[in-house]
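Which chain is which? They are A, B, C and D, in the order written, and residues in each are numbered from 1.
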Amino acid sequence: MATTIHEPPAVNAIHAPELGAGKGAWPRNPSEGNLRMLADHSSGASRTGIWVGLAAISMTFAAFTSALVVRQGSALDWRHFALPSVLYFNTVILLASSMTLEVSRRRVAAFARGFDSRRAIPLGWLYVTLAMGLIFVAGQFAAWMQLKAQGLYLATNPSSSFFYVLTAMHALHLLGGLGGLVLVISRLSKQIPTLRRSTMDTASYYWHFMDVLWLYLLLLLWLKF
Amino acid sequence: MAKLFAVTVILIAIGSAIPILMHTFVPPVDISTHGPLIDEQMSETMAEAGISFLAAQIILGVFVWKFSRTQGRIGSFPGGARGLVAAAVILVGVEVFALGAFGARAWAGIYFTAPGPNAMRIQAQAGQFAFYFRYPGPDGKFGPLHPDLINEGTQNFFGLDPDHDPEAKDDIVTAELAVPVNREIHLLMHAKDVGHSFFVRELRIQQDFVPGLDVSVHFTTNKVGRYEIVCTQLCGLGHYNMKAYLNVMSQADFDAWLKQQASQQ
Amino acid sequence: MHDMHVPAVHHHAPPQGFIRKHVFSLDHKVIGEQYYGLALLAVLIGMVLSWIMRLHLGWPTLSIPGLQLLSKNGAPGGIPTPEYYLQLMTMHGTFMVFFVLTTAPFAGFGNYFLPIQVGAEDMPFPHFNMMSFWVTFVAFVVALAAFFVPDGPPLSGWTGYAPLSALGAVAGPGQGLGQVLWAASLAIFCVGQLLGSLNFISTTLDMRCKGMSMMRLPLTVWAWFITSAMGLTAFAVLMPACILLILDHVAGTSFFVASNLVVNDQLQPHSGGSTLLWQHLFWFFGHPEVYVAIVPGMGVVSHVLITNMRRPMLSHRVLIYSMAALAFLSYMVYGHHMFVSGMNPFSSIVFSFPTLAITIPSTIIVLIWIGSLYGAKLRINSASLFALGFISLFVSGGVSGFFLAQPSLDILLHATYFVVGHFHFTMAIAAIFGIFAGTYFWFSKVTGRMMNETLGKIHFWFTFVGAYSIFMPFHYLGIAGNVRRYQAFVDDYLQPLLGVHKFITVAALVTGAAQLIFLYNLIYSRFRGPKAPQNPWEATSLEWTIPSPPPFDNFGGKLPVVYHDPYQYGIEASSGDYVMQDSPEQVQTVHDEK
Amino acid sequence: MTIRYKITAAFSALVLFALGALVLSTNVSAAGEGKITGTVKFTGTPPHERPIDMSKEPYCQKLHASNPVKTENVVVGPDGSLEWVVLYISEGLSGSAASAVSSEKPKWDQKGCQYIPHVMALDANQHFLVTNSDPTSHNIHPLPKAGGGNNQWNKSQPPGAPPIDTSWPGEEVAIQVKCNIHPWMHGYMAVVKGPNAVTDEKGAYTISGVPPGSYTVTAWQETLGTQTQKVTVAAGKPATADFTFKGK
C-alpha cells in the first residue's frame, strides 16, 4: 500500500467493465486508444454530472424568468416590441444543428461498434453542427443589431433589458456547448481517437438542452413581448 | 472534563435565563391598542422557548455527565428514535403551530384590518437620513408630489408645488410626527430614495418603506408622550442617526401644534 | 484483510512539480486543503473586522491605534467613520458567510473526505474541481479588491438590498465601484460553488465503491450531498440576481430601481424597477445558504459524536431524512426575512408556517443527538467537546427561531440584535464549532500528526464560554429594542445599553484572542506534532482504513469493498468494540432502531 | 577655496535676490493696489425663510432653542442688504492675476448643524479645511456637476476627527454641499479664477488684489441667479460695483 501522498498509483492495466463494481465504475480509456474498445460502458458519473449541471442552468433561467415576471408586473412601463425576425431563422438553424449532431452521434456509435469504419462521416456532421452553432450565435448578434437599429438598447426599456440579458446568457451557455463540440472533434480527429462515448453523449445532451432552452426562451419572449 | 462540561452548560443555561426571568431587558411599555396581543404572544413564546431551551441544555448536561464512562454496556434511550420523533412531532409540532396560529391572529389584527373611515391620514416620507411628515391641511387633501422639485436646501422635502397645486397650498410639512391620542392614524408611507423602515418600539409597529411602492399602516395610540421613531432598514452611512419623534398629544395640544406648524410653512 | 479490494486505475496521473501538486492540483485532497486555507485567511480578516466594529460600538470615540494607516479616509485619526463601520460590517458578513461558512465545512472538508468516505479515488471531474477552487479564489480576490478602490467596499450589508445597492455612488461611499466588485465577486463565487456541487453530487451517486449503498454512507457524506443539492439551486439563483444588479449599475437598466427616486436632490434616471424583486431573489438564495452553512456541520458533528460515543445514532435514517427535510423546507421559508418588507401581509402568514415547521426536523435532529448520548460511553476530547458545544449552541440559536418565525413578534424583533444573536448562534458560531470539531478530528488524517489535546481543550473552553458571553447578550439587547447595523447609539433610548455593548466587546476580544491558541496548535502540530497512528479514534469509516496522510489516489491503486453500515460501534469484534466498514469480518451488527 | 567660497556666496545671493524679486513682483501685481468694492441689495418681498426643525439632532436643537435657525436661501438684512452673494471677475483677468492661487486656507466649519460660512468663494486649487465643531458626525457631500473637472465626494467627519484638507481643481459656480445625516444643512462653494469675495451681513464686499484694467464682475446668488457689471480699476483707486437683485 502506498504510504506517501505523491507516490504514483499502482496502475493495473486490466479494465474489464465487470470489475468496475457497478455504479462506482470509472470509464477507462483504453491505453492503446482504440475507440472500438470503448464499447458501451459510458460513465454514470458524467451522465449524472450533465443532468446536475443542466438542472443548475435551468434554475438560473427559472430565476431570470421569475425576475422577468415580477419586473413586468411591478410597473406599467413594459414596452412590447416585435421580436427581430432573424430569431426564427436562428431557431430553425439551432433545431437543425441538434439533428445533425444526433446523426453524428449515431455514426460515432456505429463506428465504435465496428459497423462502419469511416471516421470522416461523423466528423463531417460534427463540423456542420459546429458551423450551425456559430451561425446561430452570429444570428443572435444580428438580432441585437436589428434591435439597436430600432433604438432599443439594453437600458431602453425593461423588455429590451430582459431580451438582451436572456439572449446573451443563452449565447454564453451555448458557447460552452461549442467548446464541447470542439473538444469532441479534436478527440475524434486524432490519429488514434481518444473520444469517450461519455464525452460525446455529454456534449450532445448539453447541446440538445441548449436547443430546448432556446425554444423555452423564444416562447417566453413571444408571450411577453 | 465531562462533568465540567455538564456543569458549564447547565450554569450557562440558567445564567442565560436569569435576565429574562428578572425582566432586566424588556421592550418599553406599549402605547398602542393593538400591542397587548403582541406582548401576550411575546411572553407565551418566551415561556415555551425558555422551557425548551432549559430542558434541552440541562438534559444535554446530565447525559454528558452520566454517560462519559468507559465501563458498562452500551444502552439505548427508552423509547428509542421512534419515541423521540413522536415527541418532536407531537409536542413541538403542536407547540409551534399553536404559537403560529395565535401569532397569525395578532398579525391579522394589525394587517388584515382596514383603517376606519375617520382615521386621520398623515403621510410619512423617509429619505437619507431623516423622516418628514405631511398633514393634508384643512382641505383634507394631499397635494401631488413632484420629485424633480425636491430641494432639501429650501426645505421642500416632498417636492410640493404650492404655486400651481391648490391642494398643496395648505399641506403642512413637519419633522416630527404629532398625533392626537386615542385617534386612529392612517400612516401613508413613501420612500424618497432607498429602502427605510419605520419602527417605534412603544407603538409595536415596524414597517419598511419600499421605494416605488407606497404602503400604509394604521394604529391608535393610548398614551401621551414623546417616543423615538428609528429607521431599521440599512439605508446608508447616516442610518444610525436616522430618527424622528412620535409626539402623542391631547387633542387640544395637537390642534395648537398643528396651527403653529401651519404658520411656519 | 484488504485482499478483496478492487484494483483501480486513477484517471489522472500523479502530479509532478510544485505547481501541479500544490497550486493547480487536480487532487481533491489538495483542493480541500486549499479551501480550508482560504477559509482560514478569510476568517482572520473577518474576525479583525469584527474587532474594529466591536471596539467602536463599545467605545465610540476611541481612536483605534493604527487604523488610520489601514484607511485614511475611513478612519481619520483612528476613529471609524459611520460609512467605514458599515463597510467593515458588509465585508465581515460577506467574508464570513461566503468565504468561511460555505467554504470550510462544505467545500473544504467535503472535498477532502467525501471521495474517501464513499471509497473513490477522486471526484469524477477533477478539472472542474480545480476550477471550482480557483474560481472561488478569484471571487475572494475581487471581494478583497473592494477595499482598495477609492471609495472602499460597499456599505449596504451582506444582503445588499436594492435600491441602495443599485443606485451607484450617489447612494453613499462604496456604492459605486465597491458595490459592483462585491456583486461580481458573488456571481463568480456562485460559479465556483456550482462546479463544486456538481462534483459532490456525481461523486456520491456514481463513485461509491462496491458494497457502499446509499444507506451505508456516513452522515458526513449525506450532509455534504444534501448541502450540494441545496447549493446547486441556491447559487444558481444568486448569480442571475448579481448579474442584474451589476447591469443596473453599469448599464443603466432598471431591474431593481423604482421610478422617481430622489437622492441628494437629484432625480435618478431609473424607472419602474422592483425593490422587492432583489429581496425575493436574494432570500431565495439566502435562506438555503443558512443551511448550506449549518448542515455540513451537522454531518461532521454526528460523525465525531458517534465515534466518541462508541455507538451509532439512535436512528441513522431519521437523521438523514431530517436533514433532507431541512433542505427541502429551507426553500419555502425564505419569506420570513421579509415579514415587514412591504410584502403582502398574507404572504407573511404563508411563510410563517413552514418556518415554524422547520423547527420539527431541527428538533428531531437535536433529540436524536441528545437521546443517543443516553447509554453511550462518551469519550471527551477536543473534537467531541466541540461537537457537544455545537449541540448546545444550535439549541440556543434554534429557540430564538420560535420568535422570529412569527410575523407578529418580528414587528418587535426584526432588525434588532436579537436577529444578530440568532443567526450568529446557528449559522455562524455553531457552524464554526463544526469546523473546529472536524479539524481536531481529522487533523491527523490530513497531516499524519496529532494536534495537542491540552491546547485544544483550553481553546474549547475559551471559545465556548466566549461564544455565549458574546451572543447571548445580543438577544437581550434585541428584546430591549436595540436596532442592528448602527455604528453608534446616538438616541437616548439606547444609551443605557452601552454597558452591555462594552461587555460584549471585551468578550469578543478575549474569545478572538483565544483563537490564536488554535492557530498555534494548527501550525505547530502540522510540523512538530507527534506522529499519528492510522486510526487514532478507533473509527470505522473508510478514511481511517488508509494511511495518514492518504496516498495520492486514496486507496493505493485499489478500490475498497464495503461490508458494513458506517457506524458499527458498541459490538464485539476482533478489533475491539467496533468494526471497520471495509472489514469482511462477520459480526453481530447494530441495526437501526425502528 | 576662498575664491570658490566667494563665488558661491555671490551666486547664492543672486539667486536669492532673483527669487525674492520674483515673489515680490507677483505679490505686487496680485495683491496690488486695485480693489473692487460695493454692496448688494435686494428689492421686493424676500421669500419666506422657514425655521428649521432640528429635533432629529437634540444637541443642535438645544443650541438653537431660543433662536431657531432659518433657511439661508435669500438672507436679506433690514435695510435690504443681501448676504451670501459671491462676486468674482468673470472677464478681463489675464496673466498672473488670473492664475494666482490664494495661499490662504479658509475654514468650512460645521457648527450647530449649520455650515459656517454658508457660502464660500475659492480659487481653483486653493486649499481649504473642513472642520467639525459638533459632538456629532457630519458627512460632507459636495455635489459638483459631472464633467466640470471636479469629482463628487462624500466623507463623514466624526467628532474629534482631524480637519479635511482639500481643494477643487476645476472652476465651478457653485458647488452645492450637503450633509445627508442632517438634510437641512446645505451650503455652496464657488470655485473661480482670480480674486473674489462674498457679501457680508451688510451686503458689502471687497475684491482686493485686482491689477488695474477693465473687467466684468459677476455676482452670483444661489436662488436669484447671476448679474454682471463692467468696471474699470485704476491704480490706487478702488472701483465700485453695486448690484441689486429683484425678488418676485
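The rule we apply is simple: contacts are C-beta pairs under 8 Å (C-beta built on N, C-alpha and C of every residue); 3 or more make two chains touch, one makes a residue touch a chain.
Just so it is clear, the structure is predicted and the values come from calculations on it, not from any experiment.
Peer 1: Select the chain at the greatest separation from chain A, using centres from the mean of Cα atoms.
Peer 2: So the farthest one, by centre of C-alpha atoms, is D.
Peer 1: When all chain pairs are ranked by how many C-beta pairs they have in contact, which pair ranks first?
Peer 2: Pair with the most C-beta pairs in contact: B-C.
Peer 1: Centroid of chain A to centroid of chain B, CA atoms only: how many Å?
Peer 2: The mean C-alpha positions of chain A and chain B differ by 51 Å.
Peer 1: Calculate how many whole Å lie between the centre of chain A and the centre of chain D, each centre taken as the average of the chain's C-alpha atoms.
Peer 2: Computed value for the inter-centroid distance: 65 Å.
Peer 1: Centroid from C-alpha atoms only, then distance chain B to chain C, rounded to Å. What do you get?
Peer 2: One centre to the other, that is 30 Å.
Peer 1: Just how far, in Å, is the C-alpha centre of chain D from the one of chain C?
Peer 2: Roughly 55 Å separates the two chain centres.
Peer 1: If I count partner chains per residue in chain B, which residues reach a count of at least 2?
Peer 2: Chain B, residues with two or more chain partners: 127-128, 152-153, 212, 236-238, 241, 243.
Peer 1: Provide the list of chain C residues touching at least two other chains, using ranges where the numbers run on.
Peer 2: 81-83, 172-173, 258-259, 264-265, 272-274, 276, 488, 490, 492
Peer 1: Touching at least two other chains at once: which residues of chain A meet that condition?
Peer 2: Residue numbers touching two or more other chains: 74-75.
Peer 1: Enumerate the contact residues on chain D facing chain B in the complex.
Peer 2: So the residues of chain D touching chain B come out as 50-57, 71, 73, 136-137, 139, 154, 156, 176, 178, 180-184, 186, 222-223.
Peer 1: For chain A, which residues count as touching chain C in their complex?
Peer 2: Residues of chain A touching chain C: 1-15, 19, 21-24, 26, 28, 43-49, 52-53, 55-57, 59-60, 62-64, 66-67, 70-71, 74-77, 154-155, 158, 161, 165, 169.
Peer 1: Spell out the part of chain C that touches chain A in their complex, as residue ranges.
Peer 2: 2, 6-11, 13-15, 21, 29, 119-121, 124-125, 194, 197-199, 201-203, 205-210, 212, 232-233, 235-237, 239-241, 243-244, 247, 251-255, 258-259, 271-274, 276-277, 280-281, 284, 546-547, 549-553, 556-559, 561
Peer 1: Residue numbers of chain C touching chain D in their complex, please.
Peer 2: Residue list for chain C touching chain D: 61, 63, 73, 76-77, 79-84, 151, 169-170, 172-173, 264-266, 488, 490, 492.
Peer 1: Spell out the part of chain B that touches chain D in their complex, as residue ranges.
Peer 2: That would be residues 127-130, 152-155, 157, 174-176, 236-238, 241, 243-245, 264-265 of chain B.
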